[in-house]
Each structure stands twice: as C-alpha cells, then as structure tokens.
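Below, subunit A partners subunit B and then partners subunit C, in two separate complexes.
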Partner chain A sequence: MADPAGGSHRARSEDARHAWRIFAIWFVLSAVIDPLYYFLAGPHMPPGAETSAASGAQFDLNVVMVTAMPVVIAVVLYLGYAVVVWGAKRSGDREAVGGPKYTRNLRVQMAFIGVTTLIVMGMFVFGTVELIVPAGAGGGEGPNPIWTPTSKTILPIQVIAQQWKFTYRYPTFGGFETDQLMLPDNTTVAFHVTSLDVIHSFWAYQLGVKADANPAEDNVAYTTTQQTGEFTVRCSELCGLWHGSMYDFGHIMTKQGFEQWATSTEQKLAPATKLLPKFAYTYVPDANGADGGYYPDNVDPYSNVETYGASTTQS
Partner chain B sequence: MAIDIRESVDVGQPGGSAPSVRQSNRPSWLGQHLGTAIIGAVAGYALGHFIGNSIASGYVHVANSGQNDVAVCLGLAFGVFGWLAGVGALNYPLAKLVGKEAPDEIAETGWGRYFRYTLDHKVVGQQYVIGVLLFLFTGGLLAMAIRTELLYPTNHLIGPGTYIAIVGEHGTIMMMMATSIVIGPLGNWLTPLLVGSRRMAFPRIEAFSFWIFTAGYLVILTALPLGGFPTGWTGYAPLQTESGAGMDSYLVGFAVIGTGMILAGFNMAVTIINHRAPGMSWSRVPIFAWSLLATSSLLTLATPLLFVAGLFGVLDRTALTAFFVNERGGSSFLWENLFWFFGHPEVYIMALPGFGIVAEMLPVFCGKPLFAYRVGAAGMVGVALLSFFVWQHHLFQSGINPDMRPLFMLTTELISIPTGFIYLVGLGTLWRAKIRFEVPMLFCLALYFNFLIGGITGVFLSDVPVNVTLHGSFFVMAHFHYTIMGGLVFAFFGGLYYWLPKMTGYSMNKRLGQIHFWVMFIFFNLTFFPLFVVGLLGMPRRVFEYAARLQGLNDFSTVCAYVLGASFVIFIANFVWSIYIDPRPAPANPWGSRGLEWQTPTPVPFYNFERIPVILSDPYHYGEENPLPVADLGLGGTPVAAAVLSGNGEHASGSDGGGPSV
Partner chain C sequence: MTRTARLGVFSALFAVAIGLVVFTAMAFLRTSPPTIDFTQGHKAGQPVDMTVQTVGSIGFGPHPTWVSYLTKTPGGRWVNTTLWDLPAHTRINMTIDEYDSGSPLRNQQIGSIYGVIGNQALLNGKPVSLINSNAGNGVAHTFSVPELGINVPLYGVNGNAKNFCSSAPCTLSEAHNTIQFSFMTPGPGQYPFQCFVPCGLGFLYGNGGPMQTIGYMGGFLKVVD
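The block that comes next holds the complex of A and B.
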C-alpha cells in the first residue's frame, strides 16, 4: 500500500500546487456564473410567476440550480484539468507511469463524503420546507391533503380528465361543467383532479400545478393566483392514442370578470347541468357501487376550507 | 462496511472442474440450434394459440370482440417454451425430471457453437454481444422514428397510433436490453476470468438465461404486428387493462425477460461469491466484479416483483381478475407501486455495471493504483441497498399519501452520497496521473461527464417542488437518457473496445474507434441536452404534438439524433473491418493491464486457466517498481505463491492441479 500522505515533501507541495490551482479556477468560475445565473436568468426561468406555486417552483429551481452548478463546474473543471495537464504526451506511450501511488487519503475521502452529505442534507431540508410551507407546492396531495393553504377562503374547481379531454366543474356555482378553465386573480384555488377512465395528469404549466388524475380518486392540489394571464394545460401521463393532443388553455381573469363569467355561464348551462350527475369527488363507483360524496347546495363560492364539500352523505 | 481483508482461507469451490461435455464430429447443422429453436417457437405459438381459442373463444368478453387475449398469451408462452425446447435448453431439466441421465452437451469449436445452447461462458458472452447489439440497434431505429415524427409540431409523418406503439416499443426494448447490456456480454464472458474460475457457477442456467433473453426479444417484437401497446414502457393500468393484444406481448415479454434476469443475476452472484480463486479475498476482487455483484443482487431481488406484476396484468386481461381495476376493488396504484418497486432498482441495474467498467479501466490508462478501492466498493453496495427505498419518487404527483414525499425525497437524495463515492474513486485515480487516451479511456471520461449531468438533473427531479414542474416532461426523458445511454451505453462501448481484443483475438481499429467515440459523444450531448430545455419549457413526454415555439429545439435534437445513430454504423464498420476484413491479431495484453483476465493466453482456452490461479494481490499495483504478480498461474518456474505466501502454503497446493481434462 502506498504512503497515505503522498511521500516526500516535494510530492506534497506538488499536490498542493494542483489543488490550489483547481480550487482557484473553480472559485472564480462559480463566483461569476452563479450570481450571473441567479440575477439574469433566474427571474425568467419557468414556470413563471402567475401563481404562488409557479413562483415557488421558480425560486426552488433557481436555488437547486445555484447549488448544482458549482458541483458541475467542479467535476467538469477537474476532468478538463486532468485531460489537459495530466494527459500523456503520446497516447501510445506504453512506458507511461502514473503519478504518486495514492491508494487512499483519509482526509480527502472524509472531506469529499462530508461535503456531499452536507449538500444533500441541505437540499433535503430546503426541499421539505418548500414543499410543506406553500401547501404542497402545487403538487397533487391525494384525497386527504395534509398541507393546506393558510387562506380560509378557497375556490374549489374540479378537473375531470377523460380520454382525451379535460373538463372543469365549478361546484360552488351550481356545479356546471365546461371545457373552459377560468380562474379569478388573487385567489386560492383547490383543484380536485379525478379521471373517468385511465390515469391522466393535469399539468397547468404556468400555474406550477401538476396532479395525476386517477379513476375513483380525488387528487387535490392548491395554488394562489397572483397575475392575470393565459396558461397551458397539458396531460402529462401517457393516456393512450391521443395523449399528445390532450391540451387546452386557461385564463386567470380579474376577480370581477371571473364572477361575471361564472354566473353567466352557470345560467347559460343550467339546462345542461340538470342532466349531469350530481357533483361528486369521483365519478367512478367504488367496490360497493357507491360513488363518493356529494357537494352541498347553495354554498358560498369561496368556501371555508373546513366545510366546503365536507358533506359525504349519499343520496 | 465490514470488508474482510484477511487472506481468504476457504472461499468455497474454486471452480476447478469444468462442465461435463463431450466433443463431437457431427456436422453442426444436425442437432439443436437456432433453426430448431425457431421451428419450436412457431409450433409452440400455433399450439398455444389453438388451445387459447378452444378455451376462450366462447367467453362473453371474447366472442365477436376480435381479440382473444387468452390465445395470444398462451401462444406467446408456448412459443417461448417451444423456443427453449427447440434450442435444447430443456433437455437437461426434462431428462432429470423423468429420472434419466441427461445427454452430454456437445463442445464444438466451429461456427456452429455460436448458434447453440452451449456451456462455455465465453461463447455465451459472445452470443450476448451480438444479442444485445441487435436489441440496441432495434430500439435505436425506433428512436429514429420517434425523432422523425417530432420534426414537426402538428404535421404528422406517422399517425398517433403508430407513434404511440413505437414509443412503447422503443422504451420497452431499450429497458429490457439495458438490464443485460453489461451483465450479459461482459459479465458472462469476464466474471470467471475476473475471479479466477473455469466457469460460471451454473453453466446451464447461464446458457438458459441467454436463450430466454432472446425469447423475450422476440416476444416484445410481436407487439408490433399485434398492434403495439399504448402505455409506454411503464405499462400503467387501467390503460393497460383496456389496451389491444400488443399489451399481452409487453406483459409476457417482461415476465420472460424477468425470468432471464433473475437467473442471470443469481448465477453471477453465486459465481462471484463462491468461485473466487484461492487468495482472492474481498479486498482483492476487481472493482468490476464488485459492481457485477451489486447489480446481480438487484436483479435477483427486484425482478420477481416485475414478474408478479406482469402475471397480475395478464390475469386482469385474460381471466378478468381485478388487481388493477379500481371499480372492482383493485387499485391502479398497485401496478404503479409494484412496477416502480422493481423499476427503480432496475435503473441502478443500468448504472452500476457502467461504474464498474470505468473504475476497472481507469487505473490501467492512468498508470496508477485505483484510488479509494474500498470506498468504491462501498459506494456500489450502498447504491444497490438504497435503490430499494426510493421508488415512490416516480409517484410524487400521483395522489399517494403526501406525507411519504419528504421521506422519498430524502432517500432519493441520499443516493447521491454513494454515487459520489464512485466519483471519488474516478477523480482520485485521475489525480496527477499520466493519462493514455486510448479509445476505452475516452469512453471512461465521457461517462464521468455524461453521468454527472444525468445525476445532477436527478437531484432536480428528486426535489418535490421542482418535480411538480418537471415530472412527466422531456426533462425526465433527457435525464434518464443521460444516465442510461450516457452512462451505461458509453461504458459498454468502452468495455467492448477494451475487452474485444481479448474476446475475439483481434485488435479494433483505433482510428475508427476514435471517430466513433467523438461522433457519439458530441452528438449524444447535442441530441439530449436541448431536451432538458424542451422539458423545462413545458413539453410532456410521449406526445406527438407540441407547441410550435419548441420546433427549433426539437428539430436540432432530431438532426443530431440522426448523426448519433450513424455513429453506431461506424462501430459496426469498425467491428466488421477489424475482425473479418483486416484482422490483426491482438497481443495477449494490449493495454498493459494487471487484471487477471489479461494473464490468460489469447484466445482464452476452453478451461480459461490451465491451473486455478492463486491470487497474490489486488490487480491495481500500477506504476510500482517491482510489483508483486497479481496471481500465481502455476505455469512452471518458481511457484510465486509458495515463495510469497510462505505462511499460507496451502494456497499454492490449493490450486487444483488437474489441467484440462477434455
């Protein structure tokens, strides 16, 4: 086994020379690239800032990027340095004998493992906080969300996926169902995502919301709108033949405009709504033939989070 | 990590005896071979289909539906048995089953042996090389079709039905192939040579695993004439349950391939554990063997889940059970969890062998010992262990219990630590080396670059809030192509350039190898890096229509994908040129490696080692003035082992003195 500390004094100083050089280049590159990215590119990174979930996702993406780039720079720089500085002059040089015969170096190993562990644990803590504090960060939390928004008034919207179309039901506006997704500005929205057939995924890109649509399951995702604008909805779980064209567009409108749209659509669609099955969290009968809970009539559109849709009595 | 560093005193059976075979002068077209296997498969399919029709054609859900899944599944299953019986893989077990002595296998030397069920691990390894390349190129051609369709956002060159069938077929073929791309060819060919054995632990299982692997290839190909399957390689229910007959090929195909994976992994693990030569303690096992051991334990432990899930799927489709049907008391989450409980260890099945290959080659081309050998071995075992605890990160947005998500985020990110160990080994070995840029070394360095991108983007995906945007997008697709193709496939080709001179006895053309490398490396990155951006900009996976603003990036990726595809033609040209057109015999040890496999003559004789070697040191003592030989091969002269291990003289005598006894 080779000597752990690198043998002679000269070998050690040679080590230190290379290490310092690599460290210095790495430090300069990271110190330049990271802030450049964060301040120049960061604010324009997807998914934008239309909702709290979107700006949260953008911030998280930027933080992960700023953490990851020095790591990438370090390894790529090291590989490049090795290729340039430690490459044999001729590739066929059979006599080439490598440098010092290090087979281990406890300090380097411990430092390497310690740094990776620190980064990983830091990422974990950051990711968990960013998941829990913004109420699930726009991701589908299943039928029993444990991280709920602080806002006590939440507009529930049901997303019903089927091959190969999304429709949206507004239970607090008489339960009409439409293929238009309109949201009011500055409002916390709860998407109740379900499917009538196979697994789909409701991906409202600019909203920073994604939740799988499972048959017989209510998958809830929260976000709060911050700006008016358009957004894209795509199915992001392979659902068969026309999966690729299962998309549409939604709008975030002013609160006033939204209420106008919602009440007028409610009236316009009233005859059709009467023919629809009553609002339920899921529309696929469960094993006993029952089909989920029903939404109470005549409720405040922006319901209290504890009571909206709490009724599970079967008719 | 308690790695036993003591001199091994009792390492089980050192693989002294070779399988009982006889040599025959019979012409090779007589007897059982690929041809009889094809006949068996066709006859088996016909028989199974007939039985299925007789059983089920009157069922309510079958009659007048134009689709009889019972007939298709039985046809495929009988076809596989026909294939195995036709090639002779069932002779031994069937003979034993009825209490008779099995006929001896024939040891051939001619061309015919490559088309037979054979017990020589080196022939099986070579069969596997051709097998996985066939698999890889089939999947690659399908990838070209996918990229071609994505040239235009809304104009279609192939219809959505064909497109979705091709996407599923490409993914499944590649995933099946990638589980065996290293374990199969290099693993089977090299393991006995790496550990100093004359054979694999179970030569019949080894040959069986190859022939069932090819059967799986044929089964998954039948999906195309049966109309394809629309689920992608993940096969999510309930789409799975309602799909056409191509889905049967997927389910049966995965069960068949899975059987081969379990057997191959089991065989590999037993060989590495029990067939190490005397003196090969755990601290002297080549690092590639460590990675094979970690991989084979994953194969053995994870794949049964896939088999069971596939069986449930077949039952749902044929016998109308309801394992995955929500409305009838089953759960689509059951498939997702069973599949990914297999699927995530599987992606490490596709990473670890690559790490092993590069770590094995680095010291040779750096002229330095491997840095932090134990950390590397621990990293491989650590990745293998942790890989069983991360599967729900595929289901972050699926509606599973939300409180599981921080836990699975943690386990997923923890995998970076043992993966970092493997980087530590690589980077430490490069430290102040004198790097010889031979072709295999170029692939090594490329792996460290590509897998870095693949691994770091994996951290993005493991972060749940970021995952909300990235899940199910092209970002994921680019990420796993960087790890599997950028990691494993690059390592595989590096390994081929490195070991083919030993396997075939001929040197590969260096100039063509360099061109192959540079074209593949540059255009791999140009193909897949833009797809990270495409995914970030909101393009979901497996779609045939996308936003018009993404056309530029998609077209760039498509054009680069064509060149990437062409780079494999350079490899084929090199292979054919160097081995058939202008064969130049390779020296026994062209790279100056100290590895045990290079101490054998070229071509490697049937029994590998005339005497079972006695291992004296680990194979990484490069650049030393007078290093100890890695092993005492017992080929006359002063027995080094006796001199060195004076206190452990029994090792020298432990080398079972019998030479080849054909």
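The block that comes next holds the complex of A and C.
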C-alpha cells in the first residue's frame, strides 16, 4: 500500500524520529529563552513604565516577543537541522521532513493552518483587548473618545501645537498657558491635542502617548502616571523647517510638587492669561478677526470628570 | 551626419544637460547666508554686544518683498543673515531695532518675555515683561529660541508712520522701536531661533517663505567654545 507521505514504513519512522527530535530541541530552547527574555530583558524594554500607557505598551511588546520568538526559533532550528542532517553529503538523496512529499499531507497542512491561525487570531484578540481596556492605550481617540478611563478626577491638559513648538494649557488651574509640561504622579491625565496651523503630532515617548494635532480638532488621549521622572515630547509629523527642533522635556512630579508648581505658575502668568482667549477645546481663525488671530471655538470648560485642580480655580 | 558624429553631438548635449542639473543642485545646496563671527577678539567673562534689525521688506536679493532680520557686524556693516557665531557661557547684550508694523498675536502666550535675564526687556528704554498685542501697534515679530526657552516679542511700529522704512537696511531716523535684553549662551551647540509671528505674507497660515528660510526669519545661534 502506498504511503500517503510517499515513503516506506522505515522512512516514515525515520521522519517521525527527526520530527520529534526537532520538536524536542525547539521545546527546550523556547522554554528557556522565552522566560529569560520576559523576566530579564522585558522590564527594561521601551517605552518604560512611567505611565499606564507606557507599561501597557511595554507589556504588549513583551507578549509579541514571547509569541514571536518560538516561531523564529522553529524557523532557524529547522534550517540549521536541515543543513546539518539532510545535507547532500550526509543523506545522499534522502529528503527532509516536510519536503515535497508532504505537500499533500492533510495532517501537516491542518497543523500549519491551525497554528498560524491560532497565533494571528490570538494576537488580534489580545491587541483589541489591550486597546480597549486601558482607554485607548495612550493613542489619540478623536474628539469623542469611546474608551474612557474610570478615574473620577482627571487632569485635563490642552496641548497646543504650532510651528514650531508645543505649549500647554491647564484649564483647571485658571487656564494658564506655558511652554512647560508638568504632570502629577498617580493621576489620570486627559491630553486635548490641537494645532493652530498645520498638522503636527504630540508624541510623549516615555508616557506611551501619541496623538495627532490637527487644526480645529480636539484629539483626546488618556494615560495614568505611575512614577516620577522626565520624559521627552517630540513632534512626529513632518511640519516644516524647524520640525526637527520641535521637542521639549516634561516632568512627572509628586502631587504636592505639581500643585505647588501649578498654583505658583497660575499666579505668575495671571497677567498673560488675561490676554488669552477663553479656554476652548479648539481654536479657529476668524476671517474677520484682526490679521487672522485665533479665537475660541467649541467653548466648554471641561467635562464633569476632568476636574483635577478645579476646586481651587475655574477658567 | 555620420553615426559617430551623431553620437558625439548626443554625448555633448547629454553632458551639458547633466552639468546644468549638477550646477543648479549644487548652487541651491551651497547657497547660505554668511555667518557673523562674534567670537573674534572676545575675552572670557566679557559680554558680547549685538545689534540686529527686523524689517518689513528686505528690498533686495532674490526675495525683495520678504520680511527679514539683518545683523550688524562687529565692523558696523549691515548684513542680511541670521547665522551668528557666539562664545559659550557668555552674556549676550542684544539690541533689536524693529522697523515692521505689528498685529495681534495668533497665540497670546507668545506676548510674554521669558528666558532672558530678569525675564524682561527694555522697550524704548522702559522695562516690559509682557506685551498686549491687541493694543497699540501689536507685535511685529518675536525673537525666540525654543531650545533655550527664550521668547521676546518685538512691538510693532505704526504702519501709517510717515517715516516708515520701506527697504533695508533701515536707519534710526525711520520709525522704529528699540528692544534690548540679555541672555546667557549655553555650552557649544547649534540652537535654532525663529519668529513666532506668522509673517510670511501670502503663504499658508503665514508660515511659509521667509518663516522657513535661513537668513530671513529663521537662523542659528552657533555657540562655540
């Protein structure tokens, strides 16, 4: 009777021996390398753990790596095994396990389709859950976010991009606007990202936050700070001559330090704040205004949960 | 014409075309305004005095209608450039003669003066720390170095002034405001400076043309040891 894989009983048992040997080596390598990576390298992978979005991104990266490494190991191992064991000098005409004779082998085909489908669908479900549960995972969700954090006291900060710098407005601290981005520790922050001119992108790398800044749009991104530290803000949308210089540094401070900074800055900038337009989620040019000045649009101080600091002052 | 002759003519024309392309590209790439060296003869610990002017239209060169900075060399000559060699860790005493008309700022936050010594400037001899661009002549331009946290709005002149300067270099007999301030240079490096008033008339959001061209409203503080 013809063998479905095209070989004799002896050849089949030899194939099985090779297959089990490859599987055993793969299993041992994967069982050693995956935990080594996850527990030794994983905690040091970017973007760090300054915020919930950052540690979420780090976790996602580590899960993808742990999933991908056994696949990489399998490919490299099979290649190496084939070169060593089934080289022409060693095996003569002997074909490799998984060679042409297996192209119509139903079990091999089903196993391949099953494993790859499981990995891809698993990644799809994992990725979707990781996007929804942490309220957008630090990405810009547009003006009406469908995934919102559960915290009842969110600090709203407006990120205003313009050629070529970011400024930050704190509506719950009198609406002052400054070049400095300061955040309190252990606090959920809502970044309302907009632009006064062309398209920019607010990318606070160590915070795990990235949101496009579009003129006349309020792009909201959430994260929760977890530890004090410094972070970098860069524009990640090519926006003109000084795009490469459009960066600054922010700080996550203790809550006490932040509140001292916010209240003292509010007082210091009070004369300048009086000249600012009323806080609005977006600003639009008024064609009838003097020389294209920007004026508030969509005026709505802040939502009923974005109230961190609002007990002391209102914009 | 023989085949050899045709080949020769074709090769010659091809070489000329390639040469023109290379020449144009190199001419474009190598075009750069001169750098004014303020480090020559500088003694450690001594401040550097600089004078620049901002004008509504440069009046010469490839873009005569563009707004621009001009820099006074240590020898007293006005040069259309925004590239300056400055000594590191040195106090720079800057005088800006502003000859352009102003307008309300797009973002009033830029009306504040910060990042300079005392967080204030002298506007025609009077100390100011904030300019309300909605009042008076508004703000014409700003001198801003974002990396160093420096921002100084330059109060505009009356656009209807009889002695309004129409082309550079302008002279002190023409309508102007004098803004003086000081700042410290950091360690060596190249620090871009720019104007935050969208003064590129006729360009998208006013941020094209002179706003994005070195030598006009953008430049570098080239700080050296």
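The working rule: the second predicted complex is superposed on the first by the 263 of 315 C-alpha atoms of A that agree within 3 Å, B and C clash if a C-alpha of one lies under 4 Å from a C-alpha of the other, contacts with A are read in each partner's own complex, and residues count from 1 in each chain.
One rule holds in what follows: a contact is a pair of C-beta atoms (placed from the backbone, for glycine too) under 8 Å apart; a residue touches a chain by one contact, two chains touch by 3 or more.
Please read all numbers here as calculations on a predicted model, not as lab measurements.
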Exercise. With both structures lined up on subunit A, is it a clash or a fit for subunit B and subunit C?
Worked result: fit
For this session: Answer with first, second, both or neither: which of subunit B and subunit C does A:Asp179 touch in the superposed model?
Result: second
Exercise. Looking at the overlay, does A:Leu269 come into contact with subunit B only (first), subunit C only (second), both, or neither?
Worked result: second
Problem set entry | Contacts of A:Pro46 with subunit B and subunit C, given as first, second, both or neither | first
For this session: Check the residue A:Gly140 against both partner chains and state whether it touches subunit B (first), subunit C (second), both, or neither.
Result: first
For this session: Could you tell me if A:Asp197 is touching subunit B, subunit C, both of them or neither one (first, second, both, neither)?
Result: both
Exercise. Which of the two partners, first being subunit B and second being subunit C, lies in contact with A:Thr150: first, second, both, or neither?
Worked result: neither
Problem set entry | Partner with the higher number of touched subunit A residues, subunit C or subunit B | B
Exercise. Once the shared chain is lined up, is A:Leu241 touching subunit B (first), subunit C (second), both, or neither of them?
Worked result: both
Seminar exercise, completed: In degrees, rounded to a multiple of 10, the angle subunit B-subunit A-subunit C between CA centres equals 80
Seminar exercise, completed: After superposing the two complexes, the shortest C-alpha distance between subunit B and subunit C, in Å, is 5
For this session: Determine where on subunit A the residues touched by subunit B overlap those touched by subunit C, and list them.
Result: 197-198, 240-242, 245
Seminar exercise, completed: Counting only contacts in the complex, subunit A reaches subunit B at residues 2, 14-15, 18, 45-47, 53, 56-57, 60-61, 64-65, 68, 71-72, 75-76, 78-79, 82-83, 86-88, 91-94, 96-105, 108-109, 112-113, 116-117, 119-120, 123-124, 126-128, 130-132, 134, 136-147, 193, 197-199, 201, 203, 205, 208-212, 214-217, 219, 232, 234-245, 247, 284-287
For this session: Enumerate the contact residues on subunit A facing subunit C in the complex.
Result: 160, 162-165, 167, 177-179, 196-198, 240-242, 245-246, 248, 269, 271-272, 275-277, 289-294
Exercise. Which residues, counting only subunit B, touch subunit A once they are in their complex?
Worked result: 160-161, 163-164, 167, 230-232, 234, 236, 238-239, 242-243, 326-329, 332-333, 366-375, 396-403, 405-406, 409-410, 413-414, 416-417, 420-421, 423-424, 427-428, 430-438, 445, 448-449, 452-453, 456, 459-460, 462-469, 471-473, 536-538, 540-547, 592, 620, 622-624
Exercise. Given the complex with subunit A, which residues does subunit C contribute to the contact?
Worked result: 103-109, 111-112, 114, 130, 132-134, 138, 144, 146-147, 149, 151, 192, 194, 196, 198, 204-207, 211-213, 218
